[in-house]
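Order as written gives the chain letters A, B, C and D; numbering starts at 1 within each chain.
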């Protein structure tokens, strides 16, 4: 089956829940460890050594790396450059495009709209998007949240993602579709399987969620999230970017290292959101992370976080824009993103109120680095060792 | 006839030679004034006042402005920002995309290849590009240099510039064609008129010149110009950029001011060259300017500059990638560029060894500014006043 | 009488209240005009033209300029560079050293301490600073606030400001005294006149106020103001800098233009505060300005602002770290600062809720610019024309 | 004996020749290895690991690190920030103050003046500086070059370096002396021992050499070196900085890390040169390094480099502004610098045409790093292992 040209850069490719969903669920017994805190000095040395092996310096892209513990930074480091043309270093204020990390904000918007009573998670989505093709099955928002709707991902050689010449669209730095043009193509894509029969990660479904937000709120996902999430949490540098050529202060460029060792700027001119599209920085992310412990979104308070961690039918570990599983004996809530040069990873261990965030901007240092930082942290707090043949 | 979406951004739109070619050619009598030099202080004040009226400040794009006299800078000023996301000011080192100013380098490459004997200016171009469609007329490189080849410009609703859906290509920030894809489209465009019947500015023809350079030299235009022009003149920051996503130190972004006053980044992902595509800065341009007085390119020395100023048959004032005319009583050699947010202008008054260069990076301050700087200079050195109803 | 080497850089030199205190106090009749608002476009053009005449560009220092009206910016512009070595433009976030503008924060700290009951404005200051020399007169905090204490200014060739060789101290970029060393010298300076006999601007007295704050609060002026003023008003970039070599994000360098047109960095290594020493930016200043309309400092609410505008005995128009007068028929509250390359000016017209703030960083563009911006604003809102022979 | 407050920051403190001069001189047998080249990949990994252990990131100062082999860079890396206030990374263009590395340029200037016949290395220096105090011994330039003149170093509690209060001068960020004032103090310092009796590193003597250059050439050392060294070698960013407050493009700030982990800017306002004072960058230093293999300075060509490596009487390994010794079996020419936050090291192995240069800008990462880079290089090319108890 035909594939998009750079399949490896699609978010799904690195999703960690795939393995996790098959993993043994070991009952967490580590709550007692919650008071112990990280050895920050050792962590800093370990993380520095890890990045040292990657040849990041002031002439290369790199990463912003944060480890949160008990509401503050146990580690906050940046390596490499945000912009190679003007020698701008990455800092904790640098604004990264975060790829599929954005799905948790799309899911949160849906959750808040459901709470407001504007959206029924379990009716057929044609209620909200009447111009969608007839699927022959009832498809619900809830199914789309959990990737069990049967709506195929972009990655499947769909006609929707062909040029009119029958070529695959080149979505990074190249071919262009407006949001409207993309929706016009997506709305005629049939299901690949009946709903609730199979877990299948679907960026397409999350894009459609952005259209549902618009249909029920009268606001674009950008506007709705701005008003109901980002402003509420004082995440002033964060937004769904549905105009990717707009000027964004402190914006990081994504880079692709070529064979000769030089870099090209590796961006997209696609502006659709929902499957991703959140721009943010580490300083803001701390606020998002803390909201999982002290929710201030919506009106119901206590219900938001448990909902966000709910899984569904065949969804395995996939909850609301985030995977919920057990890793090294600890409850882990996690997601990655990977898109046009950016790789991002966010992993939360609620029992320890400890999280790891990594935002990187090239194809050189990727989410492998994020996973290694995670395990360096867990080496200090988890009771179980790193798994053999770890593919997480 | 259908037009490309943003016709106004095509180089031809602002070409000054159109009016000039109809102007009376007044014999220059001002050589005697050549010793007099500019009042630099007055010039600086006049230019500053001019830019003040344009609301350029540290939150807007702007311009680099240089006035050359007797081999040095009589004025060298920069206003506004090269990059709004990182607050990088424009300086005399800032690298601008110069649009159609690049045509004089394409023409120079052709001139040097002709001098080397690798290229015959007057044979049919199918000699070099055998896969071009059969035109039904002999078309020569010389005709293409002077825009009298009958090859139509991009701007004509050509099928070559349609998407396969029949939509007009959007060439800024959006639709993508590789150089090869573009050539495959261009090579089947028929003439719109027999050669040598009409002057018609043709970016298409200059693009084809880049392919002819490659055919006869075995090097891309980028490589050939690097080796035979830019390196020779120590223009170390200058090159034909045929990989527009590559990292370029000190690169200026082009901007489009939107109705709400905010800016979007206004770039292209098209990498073809010949009709334009030269990246350079003011410091390098001084070296190019001075080469018109003391040529060091090629082997024949004295012949290069006169050739570059030669016109041809119905070409009117259009010489080799530059217009040669008379303005306010002075011999003027000039060209402008205008492309995806960049507007550039270079005007040389050889009798006074005086030139004006302006590189700007938005749709707010454009070549009108360049022309006004030019006239502020001429107010000091020309005997004739500004023309009424000046459209130059 | 001997003078310090660069007298012109001392704050007192440009104080506007000197003339104002002799001016006729014209009863303000312009309250009715308060609804009218500024023509922002005209103002922007006028201000740009003003700065154009000053040859500010991307290779020179410059100014941040703000005009506040009805709680927001009617004009917010920046011209020139904050740091010439790294081509960093001035922006509304740039942190300027503000010289004597800091006096209003020293005065505010004193006002808040008095309100708290920690400080009696009218007892002899030896109560708080017992190691001061015996003055032979009762000297009060209130007198010091209004410059009627008889404590001489630095500028008087005092032994306190001689090197031990008998040379005048060079306080910019050169000779060093710690706060303790300075206090040890200041505490033995006798009065030059009995208190309440004469207005005489005294930086020395305001420095001593910083020592009194420390004596009564147990906190340095920096700490006290941080806690009771800057944090309260969310002025996150603002502080009394009593360690001038500390790293400050976005710090502007002060420059001195030399005769050959090049610049030297023009700083001090003196860290004492009280007479000045506040670092801030335009964005923060807006919050300070608005607090004069909706005070949130201290506990008494309504009393703070009237107190800050109170004058005293022979103090003329000098209130609490700010002059209160009438200019062009309007009530004006104003102060300037001038120190090691920085010139600053803040003028408030409470009847119109309109203010002008200018922060500049060289000896080239100074408070003359601030006054001209002020008059450009008043040309729109004041009923009286610019005075003849204006020395304000 | 009284010491200056921050003795550890004086260049002499880390001079490596002290131990080297006592080391066994092992006859070099490794010339045959000269063709072998470095494993650049391994070197890059080793150096990255070394800096990783030092917690350098985008919020800290750091180092520029270069390894030269056969005329080019075998390694060229930069870590950390040149300016923490504006997030400017260190690059190979960053201009560092190099401390005592400047002595080799002072020595070179002397050598060139001697070659020109303007200076006699062996006459009494009162010939050139008649206003020096009477020493009671003949003191020559040659003795001063090799630190055997008996002129004491600054570090000796000399009255010349007391304030008039009898306090030690604080030379970093604080007390100020002009060059003239310093010379007036230095010229009355007596010898601490008769010439040629003892090696004693003397910054004072190298400062006096700058005055001798001026006396015999009529140019300041800055001017003389500009004309006769830096321009000749196309070291366009390099100069003796005798006006330390002048604006220098790409200038690195020196930093001092305080106990709380924050940084203060750690500079001096002293402008004297000779003992140091060269500002330069890695790109320029490559040219200086290569001149030791292909000398183009002066007129005698072959004699300059051997002279620069000549030692003298009791000077041990100290030649002309550089130490010449044997380390790990290889001939080593080396010097370090350490001054107000900057630590620098340059080590050349002529038999391998291999050199190591490190420029650092804080008290956190110092010349220990430089030595370790050196040994990582030697681990690849030297036959002997690292010495036990290495104090080099």
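The rule we apply is simple: contacts are C-beta pairs under 8 Å (C-beta built on N, C-alpha and C of every residue); 3 or more make two chains touch, one makes a residue touch a chain.
Note that the structure is a prediction, hence the values are computed from the model and not measured.
K.L.:
Starting from the mean Cα coordinates of subunit C and subunit D, work out the distance between those two points in Å.
P.N.:
The computed centroid separation for subunit C versus subunit D comes out at 44 Å.
K.L.:
In whole angstrom, how far does the Cα centroid of subunit B sit from the Cα centroid of subunit D?
P.N.:
Distance between chain centres, rounded to whole Å: 49 Å.
K.L.:
Per the centroid of Cα atoms for each chain, what is the distance between subunit B and subunit C, given in Å?
P.N.:
About 51 Å, centre to centre.
K.L.:
Among the residues of subunit A, which are close enough to touch at least two other chains?
P.N.:
If we look for residues of subunit A contacting two or more partner chains, we find 88.
K.L.:
Take each protein chain as a node, join two nodes whenever their chains touch, and name the resulting shape: line, ring, star, complete or other.
P.N.:
If you draw each chain as a dot and join those that touch, you get a single closed ring.
K.L.:
What's the complete list of touching chain pairs for this entry?
P.N.:
A-B, A-D, B-C, C-D
K.L.:
For subunit D, which residues count as touching subunit C in their complex?
P.N.:
82-86, 88, 163-165, 170, 173-176, 243, 245-251, 255, 262-267, 269
K.L.:
Going by the contact rule at the top, pick out the subunit D residues touching subunit A in the complex.
P.N.:
Residues 44-45, 48-49, 51-59, 77-81, 87-91.
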